[in-house]
């Protein structure tokens, strides 16, 4: 902020090439149904946590696919794993297992210790 | 890059530009930041191309910046613009030639709004009559000053003393063209070459020997955004836009940037200084910045005018690298010399006096 | 002292295994936590000692539980275990009576026939010889069954049998060699001396007719000794370790030691008590409905012992508890699996066989300290005062008919209640625990507990058995926790609700978490009996089938879930009931997706049958309009 | 019946109409501006939803038109036609005059000229191709870039020239989504190492088995679908294609580089169709396709008695619909011819 | 205005935003948001120059204190403002045409009249009125000119929540 009174704003652009998608690959290998997600939002509509915050599993799935790991790590904590999303998903995606795998992936990769 | 494809696009966007008898309206920003450019423009139009260019002293600002900052309602702006048309009609001119892109965009938008909603035009007529008692006629032809220079680029090229070619390597200078957003983005058909691949500056550069670079962020805004810059708190957004452009053009190693809007050259120039101060990054080769020019300055340089008369010393990013590449003979020590006595001006065949 | 070199392998094996078992027991005892040590000592010298002995006899030898469920399998195990025990017992007595001295070295008893081939053929000796042969025949009959089971498991009525590792296979062959080699050895010797009873004698004399019995006997005695020796040496690293460990386990269990949440001696003893008999594989629906056959408890135990990657196996299980129910050794399989889930991938690796003998206790990856709380976005818990709190639970919000029926019943009963999570409350925490994330679950448990404390209620009713089990076991509430079936039963007994009798044939599916998980079988059935004609089905109470939709299984694909649900519902609706009743929203949702029969929660059936008498004015609260009540 | 009908356009619809008419014994003159019949079918290698070869459909059509009842006139177009009391006189480009009792217009569709969507740089950047170009690559059996290296990352952009006010086409061309999914699968099948991304506003997979194809693309072939309309394409210095799009479901702008971009061009009224509309005074709708007399029970009837429409000259249709629409036109014609004598 | 070029349905989101901003200023809601309050800063700089000098920008005397990013060259220009513009052939505050000429008074009267008739002045007064109310609410001092506490506050603060 020094003498100019402002800082250069960060872009909100997702840079697909430079993002690290190891977390996404880890999940895709272990939960093939993750590919079926058509991001319809059924899961985030019924979400228990979604009742209290702006947590959206649909958005979380997208951020995982895009490799936005910082944001995913933050949002991941809010899920209560209650499993309602599993029951609602029109494509039969095992959404609950995706969250569990993501938590495990973060635990294993030391830099992103959750 | 398939050039034939671009040429086909340019062919679709032919624009009718007046031949002569221009009613020239100045730009507030350009007068404050690049006075030399406007002077050079008038000199080129009147002396090099001997066109009739009339300028009315009672002309005021078109309130463009206030309108886009939303502190002036649209009817007020329309009535002020109507007054300007009235001044033009009284002066007996029909070819409006604004020097500012925002004004050009505003005139196009107002004429288009009146075209679709004639009742608003009637209301503005009544308001103008009530406020100033004046009557106005809509301009027959509306062309931006850069359109006119584009139209006569061949004539200027013919009189050119220098070419935009690197003296040592003989290769054309790599030039990045930046078009003001309000030039064609709002009404693509009103800009030479349309909104995607505007040809107005490319035409000039190709005519004067340079080579145009097409980089991914060429259509990105320079970041002026009116209230994004005018209020200090928002300038972070403004500088971020220019930075996006510089990051994108860097791999292409451009030698210079040419612009056709009053705000863009100031911002592309100042933001390079700010980014260097904040992040120590330089975008030009071997540690220098990329010099930024208005089209009038480039035309002046090509015609051999004295760089310090064109006002290049008012730029924050030094322009000397380009001058040396082209091989223009100038006196570096007179950069900040403000002497305008006859003897001095004769020695440097100055034009402004 | 008669001695012969062929006994050396046997001695080595015997002394090795005795010393090993003793040292192992000492290590286990030493690792026990303080309270468990006290419990064990009190149990060892108290009443539990008799109990344990009786159980050792009935279970470790006779295998009563297996006999009850599967006669032929039971007989096979009994014959091998009990038969061998008798052989050793009477062998020592034989050596004692007929041998020169009373106290003989162990090898003397086992190889008595070699050292004392002829000790008379008359009266008592013959009878004793006959007895020894009888025991040997008894063992051999079991052995024949065991060998065929390995290759054709139907013979003992088992669909599948456990796949074995190399060391297991070597130990198995050595076990199989022991008794045939004894038979041949004794037969040759008795053939040579003309002794032996109906089995060894007749076989021996027949063989002696065309074979030089005397010379042939000696190599078989060697074979007999070597097979015993190898079996004893390999025993600790194979599944037969369960023979000594089970004794230790029975004593620990009868003295009241439980598995608890973390890995410890008891959990390790249980892991070693598993004999990989394969009964849990047969009971598992993942196996016979979904065709998944590598995750059952037998393989889990083996994976823990060989420290393979456990998470793949541990996570892929419905936690329905059917294997716990059927395990003949009585190992608490689900709690052991939960320990694995909690631990994630345990960080140690002991590969070579030597280390297999003395594995250090399984160290669990300590949870990385999680910085901020996960659910700090939860609002300040507050709850209006009420006597009774009704908690629908996440799943019930997805089956609104249950929620509405409960509201209708509660209103009709006139009790002063409060619907705690009407606006979609916070999850009870059990799904998190099932995924092994206890720390996160604790946060939710604290939030819900405060809500309940603040309400000042004395009774807490919930519709979902998954919630019921966690509220009951992990919430430490001073509030009475009831499942809504229990609460409805109480309302019926108190007469605060009246119901018509629905002439409908109903079959009751007992949800795993309610029945096996929490031991509630009768109240739901009583309520159903009160309201409709409850029919029997062949998977009642403890043996109830899992609907397949369990939250505990994170790995199962939706197709496999459907297969399990489909098989289970076909079984339950075999004699076409009008309604398939259940007491869990998740079971209801899973079943209704795969059957035409109407699947209804008990609360729905009760609500349907409810007679709504005009409400007497309750002081202070306005009368709820009847119309409002009735619009289910 | 001794009647003579002129069918304009030798595409799928034209061939079907000619085939069915000749079956009923009506004399047919089939006028086709190209050198061979088949129209757009020739440009397509495999067809959705089951990816059968387009040559099979071509064989069927050739089969039903391989009889002398049809006078096939290739490389000819219609210069002029006007209506007399009970017949039409038609002057062809070859100068011949034809007398016909009825006319069936089956001029079909043209793919949208993707160059008109300048911001996507078709014809300006090296590796931006259209779905037709890709189909042609499939038929050649090799997918390669200009410098014939194999592409790794391939982007497919939906709705190019449809649902877009900027190019004057408000309507949805209905078939580009399913074509995109089909081609995505074919690319993944052809280049197992490649990664394919589809950029869509809405996935409109309404036809029979379309949704199953969509699911198969995701499940078996791992095609990724990103919701966002690509605003512009530009070429980076190592001439990859940089696209700017907003990932609307993540609510964030997204920048991605591709080796190859495939534009799903929409369907427009064909060049020939517009010409015929001009000559014959046939009414066209706001979407510039022929305007049928009635949307429910008159989709083959034009505003001039005796002139009928068949196929995609009235609206975007897949092949199944085109053939059934063509058969409907034949019934209308027979009906008309019966009561006209 | 790049949004107008791209909308497939022909909308101009930029113009919608301008309409909303105008409405929020007429109804006085603009002072409720950080960016909204900045309208006063614009009115007192650009708006003031417009109706006083007839130029949108009248930068004489506007130093690098308010605009540090203009850099050292701007300090040089400010110090020799008159000579620099003479050198550039300007007709600085002179009569008749030319760069930064003094716009005749009657032209300025006409402009002010237009502002009065068409509601321009009313909006300026609106901005001042609601800003004063807001300043009192936030108990910050707000008097004329740009040196007061409220003006500096709205001119400089950026709570950073816009680029999350």
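Each chain gets a letter, A, B, C, D and E, in the order it is written, and its residues are counted from 1.
Assume a residue touches a chain if its C-beta (ideal position, glycine included) is under 8 Å from a C-beta of that chain, and two chains touch if they have at least 3 such contacts.
Since this is a predicted model, take the numbers as computed values, not measurements.
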Shared chain contacts [chain C and chain D, defined touch]: A
Contact-graph distance - origin chain C, target chain E: 2
Chain at the geometric heart of the assembly (C-alpha centres): A
Chain located farthest away, centre of chain D as origin (C-alpha): C
Most extensive contact between chains (C-beta pair count): B-E
From chain A, the most remote chain by mean C-alpha position: B
Whole-Å gap between the CA centroids of chain A and chain B: 46
Intercentroid distance (Cα basis), chain C paired with chain A, Å: 38
Rounded Å distance, chain A centre to chain D centre (Cα mean): 40
Inter-chain centre distance, chain A versus chain E - centres from mean C-alpha coordinates, in Å: 43
Sequence positions of chain E contacting 2 or more other chains: 5, 69, 156, 158, 163
Residues of chain D whose C-beta touches two or more other chains: 119, 232
Residue list for chain B, restricted to those that touch at least two other chains: 219, 232-237, 239, 274
Interchain pairs in contact, sorted by label: A-B, A-C, A-D, A-E, B-D, B-E, D-E
Residues of chain D touching chain B in the complex: 115, 118-119, 121-126, 232, 234-237, 239, 242
Sites on chain A touched by chain B in the complex: 4-11
Of chain E, residues touching chain B in the complex: 1-2, 4-5, 12, 18, 21-22, 25, 34-35, 38-39, 41-43, 45-47, 50, 54-59, 66-67, 69-74, 76-77, 80, 83-90, 95-101, 103-104, 106-108, 110-111, 113-120, 123-124, 127, 154-158, 163
Complex contacts: residues of chain D adjacent to chain A: 203, 215, 218-219, 222, 224-225, 227, 247, 249-257
Sites on chain B touched by chain A in the complex: 232-237, 239-240, 243-244, 274-275, 277-279
